[in-house]
């Protein structure tokens, strides 16, 4: 059944599978010590405009968040995040399991406000008992956010400035980074991200890969012996080639950007369909996730045509329904949605 | 200098030191396997009206919170707490360091509202993605709270009922329990606490002991091999007698209650002094902590007479100042405060 | 270059890639909630002769060991392992990072001896101070071992018996399980493993998969809310299909067994070549790993033909060299080795 | 009953209790911010001949070991220890619970041999797969050891040299340091320890205090924000004065050394009694612990006179019995032992 449930309903972009097949029987060393990983990292550095960056490949998003946060923070430090942040809501406590507090800040639309960040940092440092409190060591934001919203370049600059001022890391979760960068309505590029964040990741799982996230450390901030640290966290993939070949393919001939743009095109048509159907938007967003309100009857009907995601209860009668496009969404998928009556 | 800074400015109640001296050269086994520990536990059970309870003695408050929470929760569970709760603010992330999320709920006056607790639990269980979230496994409240406020018996009953309904633990942090129970303005007794909480602790450090907290587990909820679990957390005291003699003394002839009552009497006079001086209350409380607002000039002047605690900034001009009485506060101490001009 | 370095030098068995391509654009739910995962698990249960078993799919071996051990042990328990065990040597401390001691027992050939296991358990329980020690909660063995050796059925039965007697888990690391089961020199079948172990895993990464290990819990010993526990460890794969399709393919038409048998055939020829060359065996084994001794000159020469693994120093002059076959080793690869002069 | 069970059978040295009583009602700040702590630290620095040292006071031995080791090691590092080391045997896995492997080295008499240490380090660094292994980051030894034995100055110097060579920390567990330094048969002084170790602790619990251990960091190796790190581990004592007054007293007028010397004098008489009784030594040591072999009948008889410690089984007939003197052992206690028939 056609699914708008999430951006990982399909396998990998066919080009990726093709390359996996072509390279399959080549004998290669393990643990990302192969030339595909090297090439992928080189291409990512180039795309980011940061030849000095260190790129590391990991398998999944929560794994990446946990690994980055827990290797970069000191044990007495926590990470500031908007309360809707993936690490604060949907990672089953993986950050806390790794020993660190998520210091959450209210954020209606998924975005951390500079003002709130300043307030949070000031409250900490002004408090005379702060040596008995969790020290803020990093700021975590998602771009796009979990609600599909985007920061403007000015907003990112302000947040980055506050981080620099307080000498703490800015970490950007880019699980859906492609869908942010290729939005019709953004002034933020990959190079901007790479200039402003101390560390960020380029999501593969949700943007065309079977699995895989590429972490980019700038300014030499990669923790020492990072490969061993990954292994200590039981997160090291033996056949690193699986990640190398995928990211090498995604960053060849702008594939990552092209397929992200496709998802945005599909999302734009999705929004038109929503409007044409008279469905009520809960969040209309510039990226690949759209949130609408539906009552039980509407949901039951919709479910006859496509799969969708139940985001949360809205009120006694209505539910927030999420519809998501991705690199794999087709015009035919949208035709099915359009056919709903 | 006379200090109203906190409730641990003095050593131990003299009766405790007397007993430590008297028993000092007695040869005793270690690790709470001595007859003073046994006697202390027996007396605490009796005072709680729970002959079935398991009592364990630990050294400090944060240590107790961390040990109780992390031994009782499953790894994927977190603890719900009011956002002002000690575990959420002033334990330097000890709970998260032990692997568990503190699920914080806004609480203006330090008290968790039954309604908010219900909302928090309902939001979790209603959310279809909850298997990817931290499961609520325990509710943590302090009585008195960090702001000196108290739950009514009805409020405690309602919270306990919600916990039972959801099959999660209710844990009461009693760091200042004596000052709550002996307040002039409460309908909650130690026996009520012991009836309603699954587990709670009776604070010694802030109520007359050099150190020590007595954890009371009811209904057989004490985790197995608890002594080993304490040691695995590096929290086992070799000379358990130090805790045993202290709690045995505190629970002989109602000493714990008498010295708590004394602190309340002192707090009542403190409130009168505050009023007579025309100082502005930020929180006037029924227990041993009072919160007032002062500008810099007032604080500088106050500091010439006594030590006090800076709680937090209130606004650009005023600071929240905390004044605390305890078992060791004397009428002479209050005379000094009264002499402030 | 032809490589005998390890059993993960190639990608996936072509049949697996074929199935990944065929199923690629099917829209499926994430987190192993798809029908390929279901089918894979069903087939694995059948192959094990344990319809009652719970099967879970994870990405890598260290991840599987850490997840199984840390979810099944109580916090004060450790895992007994031969000192050469993967968890004790080559997991960068992942087990200790998860909080648990590896209680190592000397084992010359990689195999835990029943007698040593008995001795270890008796020493613990006889020691009057054992409440201050790490409790043994599980026995970990690998089959085949890290040295390519195999347990006999009698040996496994005896170890399983000791575990049952002491009410602790027996966990078998089957990273190379296929190469053990299909050895020309074993009386142990997959069904024997499934009957004797409380929990074990069937390795995919080293036996034909791009990645993936299938954990089999017997007797209902799977920890509750296991999916959430995986996520809390940041080890949950979003596109579970990647694991499902692979294991479904491996357990269709006995593919797993056939490709394992092929590796054994290749190993048998490898041993002949070693003998014919007059190279000295350090360990000659019944599985896919062979260990030989070489001096620097020999190694340099060998390196001109194939890639090999340096296992360890043997003495001042000689090195232990490991040569490994796998499902992907070809007769042509061995021809290259045979051509070494 | 008179007890030779361990060195913590009594409370505190009477002089300590006297000082606790004298200072009891003085109002002091918490968390070691009082002048007794300051004075104690100053005196300890002087006794160590290291004005540059950082001294920190903690409550117990396992807590100190866990705190020092886990704050000084990187996450992928472990601590090398003789297999009989307290951290490897009797701390219920506290080090592993903090995430670090104890890399144990066989040591018959409790002492780590320089040769074995060299071998352990060489094996690690020579192994080409060491990035997948736990990195050695620290060496842990006890002086005296758990078996009552002592290192010579030359032995300590050699071990310290190896550590420096490999740029790893040398940490000395001095739970019974006084009994080592004041042995009749040693050439190692407190100043030697302070010169050779990067970090060590001076045991209070077993040498006259109710509780307390003083950690000495040399060469500026104390981790930053150490007080917060202690609190994050739930190990911070509110009434730091309890530790300050005790160590201030112990390091006034050489009390620590005098009472340690007393224990050694008592141990010397104990050894004479053992010989005169014809009891068989298992370990005759230069410190306060003596180990003898007894059969069941002998033990039953001994138990009628004094309490003793069962160390371990020796063979089917005999048990290793430990007899311990301390600062609190009296001539009268030894008279009782002498009266055994």
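Going by the order they are written in, the chains are A, B, C and D; count residues from 1 in each one.
Please note the rule applied: a residue touches a chain if its C-beta (ideal position, glycine included) is under 8 Å from a C-beta of that chain, and two chains touch if they have at least 3 such contacts.
Note that the structure is predicted; figures quoted are calculated from it, not measured.
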Centroid comparison with chain A (C-alpha atoms), farthest chain: D
Selected interface, A-B versus B-D, where C-beta contact pairs are more numerous: B-D
For chain B paired with chain C, centre-to-centre distance based on mean C-alpha positions, whole Å: 50
Chain B and chain D: spacing of chain centres that average the CA atoms, whole Å: 33
Centroid spacing, where centroids are CA-atom means, of chain A and chain B in whole angstrom: 41
Overlap residues in chain A, where contacts from two or more other chains coincide: 75-76, 91-93, 97, 131-132, 228, 231-232
List of chain C residues in touch with chain D within their complex: 75-76, 78, 89-93, 96-97, 99-102, 104, 126-129, 131-134, 310, 312-313
Complex contacts: residues of chain A adjacent to chain D: 71, 74-76, 131-132, 135, 224-225, 227-229, 231-232
Touch list for chain C against partner chain A, complex: 1-3, 5-6, 8-12, 14, 17, 20-21, 23-30, 59-63, 65-67, 91-94, 97-98, 205-206, 210-211, 228, 231-239, 241-242, 307, 328
